[in-house]
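Next, two complexes with chain A in common: one pairs it with chain B, the other with chain C.
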Partner chain A sequence: MVLGTYKEAISARSTDSKILDVSQDGGIVSALLCYALDEGIIEGAVVAGTPDEDWRPIPTVVTSSDEVIAAAGTKYSMSPTLAALKEATRQYGLEKLGVVATPCQVQGLRKAQAYPFSRFVADKIKLIVGIYCMENFPMASLDTFATAKLGFDSLTDATKMDIGKGKFWLTKDGEDTGLAIKETHGYEQAGCNICMDYVAEWADVSTGSVGSPDGWSTVLTRTDDGETVFKAAVDAGLIETKPMDEVKPGLGLLEKLAKGKKDKNGKEREKRAQMGLPLPVEY
Partner chain B sequence: MLVSNFLIEVTYLKDRVVISPTSRQEGHAELVMEVDDEGIVTKGMYFSITPVRGLEKMVLSKAPETAPVLCQRICGVCPIPHTLASAEAIDQALGIDIPKNAKLLRRATLAAHNINSAAIHHFLIATDFVPADLFATAVDSVSEVRKTVQYVVDMIAGEGIHPSDVRVGGMARNITPFAKERLIERMTALRPKLEAHIELIKNCVVEKGLPDDLGVVNQPLLAVDPLYGVNDFDMDAFSEVLPEAWYDDPEVGKRGCSVIPLINGENVETGPRARMEKYQGFKGKGVNAQHVARADEMLKNYDACLAALDELDTSGSARADYDPRGTGELGFGIIEGPRGTNAHMAQVKDGKIQFYSAIVPTTWNIPTMGPATEGFHHEFGPHVIRAYDPCLSCATHVMVVDDEDKSILKNEMVRI
Partner chain C sequence: MLEGIKKIFGGSKDEGAPKVEEKVEAAPETPVETAPAEETKAASAKPRIGYIHLSGCTGDAMSLTENYDILSTVLTEMVDIVYGQTLVDLWIHGTYAEEMPEMDLCLIEGSVCLQDEHSVHELLEARKKSGLICAFGSCAMTGCFTTFARGGQQAQPKHESFAPISSLVKVDCALPGCPVAPEMIAKTVVALCNGDMEYLQPAIDKAACNAGCGCDVLTGIIRQGLCSGCGTCALACPTRAMGFTEGRPSCDRDRCIKCGTCYTMCPRAWLPIKRIKEDTGL
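Up next, the complex of A and B:
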């Protein structure tokens, strides 16, 4: 299965305007975390915030809905999120923790849970929200896109960053400027080229824009815990949904991109294996 | 290995009883008792057979921050006092005045750890004192107490064993108001359990009915603080002699692995009883008194832990900025650990450690413990030793390898 194991695929959107004002797409990550925090399902979460508003993601421990919303929106550079887990389970005193993670980070988390490796950390993780991820850029790459390729004075001039419709977009003064995705090739992290996971196959719930219309997200509920939280948030009226087969472009596009990542990176893995280079174990 | 599950060798030579290694303690030591015709000990010699600590040498020429990271590995039973003593010695060697919040967090950490360590000792002596019908209760009680106090150490210092967040200059970070509230809540809930635990242990000690004057010594007491420690040490009063010069028996002197530290030329008694007598008005000496003092001190540490948490300002900083180059002066980190006074000393110059030395609690007690067995039947010997809760693992286990073919020439210290 190119999308990994999942219970249900559904198109969804937060019903909270405070979230939709700042969210990347349908605000599903924020809505789920806010719901889980308010209901006491989690006591806090580790997310990628940008405290300096300079697009540099900083792992941030949030313990309230306001803090979740302040950290909303996708960052396209790597957030060393797992590094903040220990602090969250120690000096923050959190015993029920949510994590927003890219597919590679979810793999790390699941390994930490499977092996007795991270004492009193992994056992406190109650909700893993995975985000779709094709690749990720070092900050220097984002700077290059902004200044050298799109003519910005500085990356910090951009008010929004997005990838969609085949382009990398920056917004400045309300105007969107796009850079063809093929122009970004070679600027991604090298490790992203051997990753086989587009849709965070090991998360409790995975979400991202692909497959749903603008302003909506495609949600894959994967585990019992993930399904329970998602359905409860829907029942509570915090998330509205549409069946996947009623929306465009639909699940087919998500499957196509997930398969595309596996095919392309599978070839890269073969190439590296032939060169005798080490490869991470893929599950 | 906490509980020695290998064969303990008890040798009856002419007029001499040898227990090697002594059991239900951390590390390896030997007790040699010369006895008269009735089996009464006329001369007791206790000495460490755990060689080569090495850590003080490993930190030389390294950055000052290396010391607490490596030197906490001196022991996994009391890693907290070693981390704190090491960090405090380096703090002083760098001329750092750590923030008040860091001091409070360190105090709470040590107090919680000292309760934990006393509870572990109660587990080790349970088979000596706890009757069969109360054994499960006692073991559960030890676990209950440990669960909460180790939680406190985990939260504040990062890890219950080998803490990651005690740092040179203070602590890695302060705790949040939420964490503070949770810690106080858990500790408050512990109080009745802890009081019941202390009562249980003290009753078992009384019921066992060991002779009251068993293990009584009249050595000077070594304790520098009621509960935590100081950054001061009287080097003029301090001296060390090699075991060859201390033990009358040349064979024992040759095999003894630790130097003998002395204060004003005398061996000392350190530990909970010494602290309780010196600072808390505790009366009583000997084995029974040592067990009672250790149990009573748990409540003192409990109060100290809660007081430190109460006073903590969660909005303030818990770490000072500092210049890592060092003052060139000797810095002291003297911490009152579960087994007594733990002294670390460090000198830092040009950003590198020039000198490092640690005199750990049991090392002080070693010359005192042997003579404490005297005057009673040798069968009481192990009781006397265990009353000190000795911990001798402050060592690196080494083996001798042939340079040429890497074959192992000597490995008996790895096997034990």
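Up next, the complex of A and C:
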């Protein structure tokens, strides 16, 4: 169960060109949020936008499809997205919320639901769309990749950022430049080194690029709620799908990377324990 | 009835009728963490609960009453409130209670003022008379905003030291929050009634913790290399003291009231894996 509990693994892509023009991969995150908003399943969502287009993720409350789409695309730096749940419930007064969350954020959300120490926030979370995550970078690391390693004048010159096929990619003037992933090692935030979850194992539905062809996403439906929303969005024609065993490179690669993360970070955890450093207490 | 409550608040998945007699598991005479199972003993049918109000704002009691949908059932069928100034008009320093009754569980709201003999006496008495003491809310657990008291005010200028109750007595479990969230109270009540000690374990482990402050995430999480920048601590903060800089929480100490909720909610401090799996089916 290296991918956690899931109902179905599917390769999928949004059918909306407005989404595909700006989405990171198959636009599944944005398509699901737009559908859930239109259908009233959620009244709003918290996402990571970058309003100044400088790649710095800013937690953002969105209540319309346009706002969802404006926040599409991966920013490879930490977004304290969950902080915006406060704004969404208090200022916006939203009762039904969606959240786009990395695995560590899904853990924060599920803990808040199981132990709701913060009043009347966790009960409003209706849809958790998890995104796969191997690691995350401080902004200064991204600056280093762009300027010192790839020779850009500035990180803001990049129009797209992606990790795939063993490289960290930046796009400038329509041209992709890649940096070998091993060049990025040691620049990720320390907290990622003890993270055991690659595929957002506790989300309602998880998605990421690995396993599917370019421009497509690999989707894992997990809870009943997640499955219902995903299937309904497919039935409504907003998402097209292909069986996972018909696409390349396929689910095997996702499993391999998920296991690799668990093995590597499991060792780091052991090392910490030997040094007498604390780890999260598990109940 | 209990099933209904469980449905509303999604408590224990434990099926079958509530076994009222087993509730007294919540009231062993010695601390639960030593050996909860063995400590179970037969006692009166309903747990006897006390509510003591020390130096707090009554916010925690109000949070308790916000569970109005389950409160009448809890009060009439599931527990006996045997002591408490606000809830049953009984106070040993007033005219209505000569002596503090025996209690299975005593909830204590507010910090204890070391210069107030009544508060000190009531707290020490409560320890003698109660099976379990719960620090109910952040003032009791960490001192919370009463930490900022410095005395010199009317009507008692000498009242200046407002301490977490664990500085005077042994506390068995603690529920932080300024105030404690109503849903958290409901879940705790359901767990207590089911003898679901597993759910209560984090609160039991936090019993003696009085270190509430926004800087706990600095010393306990970031300085330990554990922070993921997820933002849960900022979601937790009731005063919005917790901001973020460069993907890390950063506490505005002028706003922080020392409630300890940020650290309590951080998934890198502790993670209820088993419960989450049960709740989500994942």
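Assume the second predicted complex is superposed on the first by the 280 of 283 C-alpha atoms of A that agree within 3 Å, B and C clash if a C-alpha of one lies under 4 Å from a C-alpha of the other, contacts with A are read in each partner's own complex, and residues count from 1 in each chain.
Convention: contacts are C-beta pairs under 8 Å (C-beta built on N, C-alpha and C of every residue); 3 or more make two chains touch, one makes a residue touch a chain.
Keep in mind that what you see is a predicted model, and the values were worked out from it rather than measured.
Under the clash rule set out above, the superposition-derived model of chain A with chain B and chain C contains a clash between the two partners.
Look at A:T102: by the touch rule set out above, it reaches chain C but stays clear of chain B. In the superposition on chain A, the chain among chain B and chain C reaching more residues of chain A is C. Looking at the shared chain after the overlay, A:T63 reaches chain B, while chain C stays out of its contact range. Judged by the touch definition given at the top, the superposed model places A:G93 against chain B, while chain C stays out of reach. Using the contact criterion defined above for the overlaid structures, shared-chain residue A:I19 touches neither chain B nor chain C, since it reaches no partner. Of the two partner chains placed by superposition, only chain C is touched by A:A83; chain B is not. Residue contacts after overlaying the shared chain place A:R119 against chain B and chain C alike. Contacts of A:Q189 after superposition on the shared chain: chain C is touched, whereas chain B is not. Two complexes overlaid on chain A leave one chain C stretch from 38-46, 92-100 or 128-136 clashing with chain B, and it is 92-100.
Chain A residues in contact with chain B (one complex) as well as with chain C (other complex) are 86, 119-120. Per the touch definition, chain A reaches chain C in the complex via residues 4-5, 59, 77-86, 102, 104-105, 107-123, 136, 138-140, 189-195, 201-202, 222-223, 272, 277-283.
Every residue of chain C that touches chain A in the complex is listed here, in rising order: 63, 176-177, 179-184, 187, 198, 201-202, 205, 220, 224-232, 234-238, 240, 242, 244, 246-249, 261, 264-276, 279-282. Residues of chain B touching chain A in their complex: 154-156, 158-159, 164-165, 172-176, 178-180, 182-183. The part of chain A that touches chain B in the complex is made up of residues 43, 63, 86-87, 90-94, 119-120.
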